[in-house]
Amino acid sequence: MIGIGLIGYGYWGPNLMRNFSRQDGCKVHWVVGRRESRLDPLRSQYPGVKVSTHFDDVVTDQSVDAVVIATPVLSHYPLALRALEAGKHVLVEKPMTSTVDEGQRLVDEAKRRGLVLMVDHTFVYTPAVRRIRDLIQHGQIGDVLYYDSTRINLGLFQNDVNVLWDLAAHDLSILDYLIDDVPTAVSAVGKCLVPNAPESIAYLTLFFGGPAIAHINVNWLAPVKTRRVIIGGSRKMLVYDELEPSEKIKIYDKGIDMVETPEEGQMTRVNYRVGDMWAPALDSTEALHAMAAHFLDCIRNRKPAETSGEMGLRVVKLLEAANRSMRQNGQSINISHS
Amino acid sequence: MIGIGLIGYGYWGPNLMRNFSRQDGCKVHWVVGRRESRLDPLRSQYPGVKVSTHFDDVVTDQSVDAVVIATPVLSHYPLALRALEAGKHVLVEKPMTSTVDEGQRLVDEAKRRGLVLMVDHTFVYTPAVRRIRDLIQHGQIGDVLYYDSTRINLGLFQNDVNVLWDLAAHDLSILDYLIDDVPTAVSAVGKCLVPNAPESIAYLTLFFGGPAIAHINVNWLAPVKTRRVIIGGSRKMLVYDELEPSEKIKIYDKGIDMVETPEEGQMTRVNYRVGDMWAPALDSTEALHAMAAHFLDCIRNRKPAETSGEMGLRVVKLLEAANRSMRQNGQSINISHS
Amino acid sequence: MIGIGLIGYGYWGPNLMRNFSRQDGCKVHWVVGRRESRLDPLRSQYPGVKVSTHFDDVVTDQSVDAVVIATPVLSHYPLALRALEAGKHVLVEKPMTSTVDEGQRLVDEAKRRGLVLMVDHTFVYTPAVRRIRDLIQHGQIGDVLYYDSTRINLGLFQNDVNVLWDLAAHDLSILDYLIDDVPTAVSAVGKCLVPNAPESIAYLTLFFGGPAIAHINVNWLAPVKTRRVIIGGSRKMLVYDELEPSEKIKIYDKGIDMVETPEEGQMTRVNYRVGDMWAPALDSTEALHAMAAHFLDCIRNRKPAETSGEMGLRVVKLLEAANRSMRQNGQSINISHS
Amino acid sequence: MIGIGLIGYGYWGPNLMRNFSRQDGCKVHWVVGRRESRLDPLRSQYPGVKVSTHFDDVVTDQSVDAVVIATPVLSHYPLALRALEAGKHVLVEKPMTSTVDEGQRLVDEAKRRGLVLMVDHTFVYTPAVRRIRDLIQHGQIGDVLYYDSTRINLGLFQNDVNVLWDLAAHDLSILDYLIDDVPTAVSAVGKCLVPNAPESIAYLTLFFGGPAIAHINVNWLAPVKTRRVIIGGSRKMLVYDELEPSEKIKIYDKGIDMVETPEEGQMTRVNYRVGDMWAPALDSTEALHAMAAHFLDCIRNRKPAETSGEMGLRVVKLLEAANRSMRQNGQSINISHS
């Protein structure tokens, strides 16, 4: 039985609570939160859970094996570090930390102690994203030529991170999971549309060593909600629409073929290929449930998570570079892979 | 009666022919084209029109008052220059020229001779774009905070210009028409997805002196056709979808208000406003018809066109800067306004 | 404090439990269910509630003021009757009963005892339907000329009632609420698509004394889920799409005007009017919450419910007539209003 | 070279003119129309065609082999009959005639004289409908359980026929082409929403000898245009949306399976099957072009048309019965197949 302490009970904490409560082989011993108004319904809904406003109660409790951190980004690092130092496995909300340095230290600490450090990049555990990876791995898409994401809606404005760290973080984790090629540079632009608040609209481009390019359009101030990713491949093209109730992935047998046309003076002509469209049925596993189960599985079998600390660190590295590029209006920033 | 010579009878030429044929007070005397296979149906459909493969036939004909140029971009400059030098008014397809220098020379030549130089930025003449301008001018949108365009589809690949010069040119003309503020810099990224062809995917950001930011997503290799512009204003937000059969413009009374919350430690809180949506009926004028009528009107009354040479030149200036930025992976390029 | 007993804890029961638990001024004392597998999670989630498999425990408990019945349709009548006879107010799921006779007896019994008898026609309490009623009452739609509903999806097949009693019952309650005019006859057709099961596809037409006609298309075996009602009025037309996440109601200023055209031989010509479209913002009250609050309010103030037993009886009357019409392949059946 | 006379040059005539002009092996000699305002542009666009206001000019011209009739429905019969009597092949717009008697006489006359009599049920020649037939013929859909069509929009109101004869005629021809089973009875309801005009809203149900049921919802007074047919099969389900620009047909591997469940007291349980969706690419032949080519092919090879006079007569028979049913508010009317 894996004992769990949940830190943070704001927007996302209740979802984590619900999912860990349903898992076999684990028990949530503690929930730490700041606002009593939030904690009261928790007490009546989960009578067996101890509620506290002190993180220390959790890290000093020997029955706690793992700590789940769902607090604002700035506090991820100190909380996760102390949990690791106390010998606890750690699952932390995305983005893992607010700087690369912090992220590196968490990764090092976890490695040194042989503890599981995992980041809740939930999208990696959705049936849709996993199916897309399968399709890519089996060569059905061909080479990935581009990844184009539009992830916009009205709110939720955040105070401590900008829209890139909030929304583009999803795409960076999906890209890390889908594409084996490694980003070599980023270019980002953005704007603060609200006084004294972080950037609420931003555009991020990733350059890769190989043929691919990725672009991510994120916006907290859009009148319509959109969650659409287009993936252009050399063999097929794919549209992934998270908001579609049933056909979330559509695969188009569309593309171009280059044809030599001697009669037109050796010019190369483009032939368009327009074939069938196909939407595979996806299983209906809840991503958060699969993520929680994977965390427990990694603890039990001491294996690295699919969304490991290393992966979370790669995402933070890209976000930090994107911030720098944004300050310089799109200047390309190289990504070092030491 | 204004005599017209049409140069180029490929993809767009027949549309211009059809529209100028229906105008009162003008007559198309000549059509110049290169491929006989295209010109034969023209002869039977418009029996009174002279057909030639020589541009000289047109510029030396005294009955020709105006020349309409619908040839590949690289030939716009030499053809338009010779037409102006022969004293003809000129309407040229977008983009006006392939360099700023060429564009400047055309503008100067037209000015020196008192001739109309107009660019066929057709979108400026659509009922939708004109209605959006009205809404902005009357303050209904408030300050324009962002303009976000997605203009993607499969094909038509072009050989002489990249996807920015083909598709983003539309948005640059729309922006020039809609927003009084002037772009101060651009950042662009893009990629050649097809060997030996120009960039077929690109992303262009425009920075302005004022609060606005504009972003344009163009792609010749997308599985789904999209023509969607989102305009975020300080008062209202707007979605303009060119592919909607009837409600092309939707205005959302959505946005945020900043509220001081003393009880939460003087923090500013974001309040979301979600009000009605409204789709104004648009008149059904064909844009190309309105554009042709405007060209004739400008000739008759010697007045500058709404899509004048100067405007066409501003678009080319931005495209040239975008190309330079793209070669440097997004490096911001300043726009001079001499 | 109004004491409540909830009978039935299958598909809908948990929703009722959740909503009555959140109401002020009432307390759910009992839940009666048949399957232990369902009742176990209930016990842990609502520790204070008594759970039983015997209806008698509830009706004999003096602390129970009102009984909420969410069992299969065939059992509505005996359960509701015994509850009324025991002096309890009754809220029953739709359709109220499976015959007109049964419905009439419940109505009579409630009236004789001065008890509240209410039917959970939830749609009447949605912000969308209430807004449509407002629009009609204020004359914005004009005379209602037609009501055309498509309510189709895959499942949930039921054993004891056909698709009319399951899905068309929603439209009949909405129509009763929206339109003052009274149905005078019905015509229905339908088909059993699954052996030994009730009709799973059906089409129901209602004729009214006035100008309106209503048509309801219901289907348990459709590949796409649709919940669309079109209301044609003499002044405006309206589309109500329950599945739209934000703009559920769209009002179109469209229609026709009849014009006398003397020059064309006194013929009457139809002129089409195509004006603006408008989607009013709706408040976000949960319908079930409003329904529960209304039931408690009716008990406290001894007032008839908006979805009273009389209204539920009118719906059953139409459904019974529809069944008869369906057996005769669409033969029109008159509705008596004694 | 087949000589053709086109009678009627209103709404549809120009489309027929354009398509027959492009066919090889035929020549349109005459166009007969009533309004000079329509005929003038015809003269300039097709200089070689003789224009007349007298039908006699056409039937007495020996160079005319076939007459194409695109006039109001009431005149179909006298014009077609005289053309057949003059030994001309006949193509007539749908519906073929306004009564069964008239239709029977045309069929008899054409048969007696060995002439081609064909009805322009254009939808039968669309790539979408032909593909659906292929799918059904190859057993991919299984048994057709239902055909559910919604064909609604604003206008075009007609004076001489009601909305069934205008819009439902399309579905009746599609059904005749798709389904081998024969309608045994119809039930229809409808309403005149405009004073002194025919029914502008109607609902038509077809009963078959086999398991299928068909329902057609037609409306000239709807705020949104819809052209959606759902076909439920025992193996797969299909949605055909004529307004989709690219994926007009979507095939859903959805349905139900009946499972015996002994542990639940021998009850039969419904299992839902939700599999992939698939949208086959369709070729882009224009239906009207294929229809015109087929007419010429039938003349050349003296073979019966796919949309023969017999087929047109079957459609008229159903429409006439539908009218009778509508007058009796949905009373089922048997269809005799003598």
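Every chain is named by a letter (A, B, C and D) in the order it is written, and numbering of its residues begins at 1.
As a working rule, a residue touches a chain if its C-beta (ideal position, glycine included) is under 8 Å from a C-beta of that chain, and two chains touch if they have at least 3 such contacts.
Quick caveat: nothing in here was measured; it's all calculated off a predicted structure.
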Tell me which of B-D and A-B has more C-beta pairs in contact.
-> A-B
With chain centres defined as mean CA positions, report which chain is farthest from chain A.
-> D
Determine the centre-to-centre distance between chain A and chain B, using the mean Cα coordinates as centres, and give it in whole Å.
-> 38
Could you please state the distance in Å, as a whole number, between where the Cα atoms of chain B are centred and where those of chain D are centred?
-> 42
Distance from chain C to chain B - Cα centre to Cα centre, in angstrom = 53
Multi-chain touching residues of chain C, meaning two or more other chains, are 274
In the complex with chain D, residue positions of chain C that touch it | 145-146, 148, 150, 152, 154-155, 157, 159, 185, 187, 189-191, 193-197, 201, 203, 205, 207, 211, 213, 215, 217, 219, 221-224, 230, 232, 237-239, 250, 252, 254-256, 258, 267-268, 270, 272, 274, 325, 328-332
Give every residue of chain A touching chain D within the complex, in rising order.
-> 246-247, 253, 274-281
Counting only contacts in the complex, chain D reaches chain B at residues 45, 47, 225, 243, 245
